């Protein structure tokens, strides 16, 4: 049986990929049918039979079988901005956009240098803080207690990552230190903190810490919680980074030593860049988790997106529409997290090509 | 550091891996500008010996003096010695996340505090010398084995070390590439650099070495100039080894 | 240590409790992100009493149920006005001091009409959903035990999930405080399909809470409540309070509204604080109607003045 | 002095002393400040309330519990429930995760696509929302009176799934479970341990038969010994009043938690295991092919064991985190550890003490889980360093 | 499978990586018991060719027949051929999570359904033959490169294949070890096993091979018995290659 070579056409490839055996065909058809069914049902509910405007509230929920987006129409500002003063919400919106742009820009490889990235983040945070907090340039001051909604979520996520990442690096370095006391103690600390529920850590930092810290070190509740969350994040991320370092051949550090490079030069230029490369997929996992778990700050009374969603249907007129609000909030989370995970997939492919 | 002191003086050095005695009472003196080839069977401690010289391994007894500086616990001494010794690893150990040029300029910029322009100029000069200037902007993963090997040599040279340590610099190459790499090393040797090279390329030893050292089971069994070493080996172990290398 | 009253006056701002989300009727957020509700109105009233107006003198700190006691002790809030029931363990063990109750609510059970149940005892073998966070589940457990029936009690963290579970028929009965229960029925698709059973599972009297050992601060709370009821009793509302002040019908009312000094001095407040209070939030009836009566159509029942068959009465204003 | 500072050994000592010293100093400062502050607030802390009766009941418990039992016992109930839920969900999540990872690396486009869609959906939507979804589906099953009836002995309804059970005491049921686990472990040991490698096939079969036979016998004895007197042995659920009585009941809350956590966890574990498969070079599987091993043999003997080894530390991270996801049960009223703590806080008001207990409980469970898994990791770690490609 | 058919018959085989044409119209017939050495510059397709023979790579045109069985899409045929061909990889590809002994017994137990005792006996026999019986209970990572190489050979032999494919089996060894490994292979060759070996050890080629094949750019440029190949190479490319190998 001699074979001759020719380039497969699109149809041939599709057939080979999706319909080559009866199992494949069943799988393809079954999955396709399932997806179609779900999508159609969703479409029916979310679009065809839905009520869109606040004015038509009366039509909601009376046998139409559709979604009542009227609640979003009426309450979207509450969901997106929480308790931020109504007339000042434009500030929150701009701050939000500034934060998104900062995060997006730091995904661009051009910014990945020891000088550009800190400048970018410093600028991003400065803009965010001045806009949100006010008190400068004639902006009315708004206390942290009243920050809320999406901008709070983004702020917490960004600060936790920003504080937590260097902490994670330090933790990872300490844990693999050649000094047994330091490595051992750090190991116990990391294992302990990551064993605890995030919720209890936030609770401790928000409620218990004021009793434990000397007065000058207490600070605002929001920042305490961020520090606590960052600590928690750092413990998980430290293990991930340590994993990435372990995968690095010993020869890399030795080569740097042989060139006369000092400890921090070796870590900064040789070990860390490669460790992060190795640890990319779990790091993305961790960031996804971190973003979603910002919603736990609701337990200590912050109006991030989920909490302001709760408040949005928590009145007499919208009380029935909590499914719609949940869907809207989920969509917000999904948008960010999905972008993050696709970006991770892109990075993975990019680095795989560069690696060899 | 006066020119009077020998480049390397190792006396009664002992090294253990756990309870395993890898190097036993090593005594070795290398004069400035001398070219040494070390050979010996696998596992005899050749790599470990040259790794001790720039303190990639700690040793347990005796002393090592490099360029007049005692290699002890003192951190400054270790740094000083590493700055002056270059090393080319058996497995290259290039930094895969940097371009060839960055690989070569990193240490001069960080350690020698050279400006980027200066470092790049020196790097290009050495890359030209090993005949791969056109690869400067590629990444190590994009080069063939022989090219990577030459980058490793150029990288070590960019630090302008007084001593170069080579660990089997041709072990992973195919026959056509071996000769290219050896050519570069012969060039260096002719410039008068102090050089210690672990290799089994006996042609190279004959041609370049001032002295050949044969190690076995962690001891220096025999050392002699190449002609003497190859033609009238004294020790039975050396004779057996040479017999097998030259025989097949 | 100086009392909380001085601390608050010095700070120029009252830190009062909100909710992490919403608690129907008592702490809600309107379209513009402003707090409203019965508890919130009491906070505003308190701020007005202390500072003349609640504008800029009050921060609502949203906190969860679990957080409320430590938040009071750590100083995150100055006072807890969060519909918290007065129980002996809280009162005695947690170093809390309660004012007289400002809201008394019964727990009732709502059931699906098609089950044909008429009283809680008919729910034998069924399941009853309650929401966590109050003392409900303990009272329900005790009530069921007394009836000698067997019922599965399922506790949910949040109010909307407990309602969803009930409407999905995960439970036969739904136990809530009367106001949210009425709200749940009223906003359901078919209110006639649900019956609120007459049994009163328990009565929960809720008061304002301050730390123990600060009698001056506690006095302010108690007299604020009295002022609200006093105003209602005498027909003083936020609309007509100015007229009353201009022409006080009695000496007592004159003193009450600060026309003649005394009513504030004794507490360490300005003498016209009650005027400010009423001006800002109105009397108790206004507060109730605004937040509970109108939106949820819940009759006042026990939460009425003694003159109308309710439980509330002002202390003696002299 | 200068030279002393330059000595590596001296520096090492100084660093360690400094590090540990700072930590101790911090802890001491915290403790002192806390004592002063709490004293100033007049806050008394104490665990006396643990001995008081709760006055409220729980809807799901592995050990007997009623409203007159103490806080201590209800916390124990919650802890047991959490471990129960965690054990089941983590096991299922592992299977799902490995399955998804296999689909994604199988090379079959359709399977890969399904796997990707699965991960992107279930990893990226909040767990809470997924939990609500599964719970809504389970509770919208028919009412008990219209329950799906399986041969008259098992029933599926919106109130739970009812299976026939045996009227035996909890203790003997527990002992049976322990015996079964031990027997399975023994069987695995028998199959894999070196010391039995040279046992003849016949003797192996005989010892295997003895093992399973003994187990069956032991279970029968345990059941008979633990029988609750004056009840029929078989305990069939039956409809009475508004609901079923007797039998083994799986409540929709438990089931929804199990489904949600395993599906959600499966997405994360799937990603990690996939990374493991990618980390294993294809050389090993090619060697398996060249030796004539079947695809399944290559997978089970070579690829999976290597993949698991490559990701063990990350996997431990994930397990620890996933176990904490059980706290989500509170949203739909599953009585887990967090639930009882939260309720106790509301009921007793002993917030700080209860939070401390919460942290202690999770610390104990997760730390021991991580510890055991780390030992496993050490035990199976690839030996030696002289590995290539 | 009669003894009349050749061990391997490759006709007009074409192989692409994407659009890159690696192997071009390869024609090769190997008789039973014949010993072939393949050499050629790096990247010429030597590895790819022998990987096609046991279907580790698919090919796009032409046909391959091994031991009378057509190597087509039929899964049973592929399995049958893989059972009868052993392969020693350039990078060993030992199973790092199994002991040396388990590495050797796995396939015989799973594929040949041997009992453990039986498989272990055979394995020990081959491990003794490659002179590392004492390493049986260690893990691959604990052995030196040369020892790993020998395990790889033993593992392939334990399946008692009719055809052995070697891919640069001495690439990573030191001179002493090279000769040991080659000795084992000479032993096998003398037992009459069909053998295809990619190597640059010309001594081995001279001593053992029935035929030497030179590949370049995916084509078989020249094939001839060793004496003829080394002494009178016909093709210019072959001459250049041999010149450099033998020259240095």
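Order as written gives the chain letters A, B, C, D and E; numbering starts at 1 within each chain.
In this section, a residue touches a chain if its C-beta (ideal position, glycine included) is under 8 Å from a C-beta of that chain, and two chains touch if they have at least 3 such contacts.
Note that the structure is predicted; figures quoted are calculated from it, not measured.
K.L.:
Work out which chains are contact partners of both chain C and chain D.
P.N.:
Of all the chains present, those in contact with both chain C and chain D are A.
K.L.:
Please identify which chain has its centre, taken as the mean of its CA atoms, farthest from the centre of chain C.
P.N.:
Checked the centroid distances; the maximum from chain C is E.
K.L.:
Please compute the C-alpha centroid of chain D, do the same for chain E, then give the distance between them in whole Å.
P.N.:
48
K.L.:
Could you please state the distance in Å, as a whole number, between where the Cα atoms of chain B are centred and where those of chain D are centred?
P.N.:
Chain B and chain D have C-alpha centres separated by 54 Å.
K.L.:
Based only on mean CA positions, could you tell me how far chain B sits from chain C in angstrom?
P.N.:
83
K.L.:
Residues of chain A that contact two or more other chains, please.
P.N.:
203, 207-208, 210-211
K.L.:
I need the residues of chain C touching at least two other chains; which ones are they?
P.N.:
66-67, 70, 158, 164
K.L.:
Taking the complex as given, what residues does chain E use to touch chain B?
P.N.:
Residues 41-42, 144-146, 171-179, 182, 200-201, 203, 241, 244-245, 247-248 of chain E touch chain B in their complex.
K.L.:
Which bits of chain A are touching chain D when the two form their complex?
P.N.:
17-18, 24, 27-28, 31, 35, 174, 178-182, 185, 191-192, 194-200, 203-204, 207-208, 210-214, 236, 239-240, 242-243, 246-247, 281-282, 285, 288-289, 292, 295, 306, 326, 330, 333-334, 337-338, 341
K.L.:
Quick one: which bits of chain B touch chain A in the complex? Just the residue numbers, please.
P.N.:
51, 54, 56, 79, 82-83, 85-87, 89, 91, 93-97, 106-107, 110-111, 139, 141-142, 155-156, 159
K.L.:
Considering only the defined contacts, which chain D positions touch chain B in the complex?
P.N.:
Those in contact with chain B are residues 3, 6-9, 11.
K.L.:
Enumerate the contact residues on chain C facing chain D in the complex.
P.N.:
Going through chain C, the ones touching chain D are 1, 65-67, 69-70, 73, 89-90, 93-96, 115, 123-127, 129, 132-135, 137-138, 141-142, 145, 152-158, 161-162, 164-165, 168-170, 172, 211-213.
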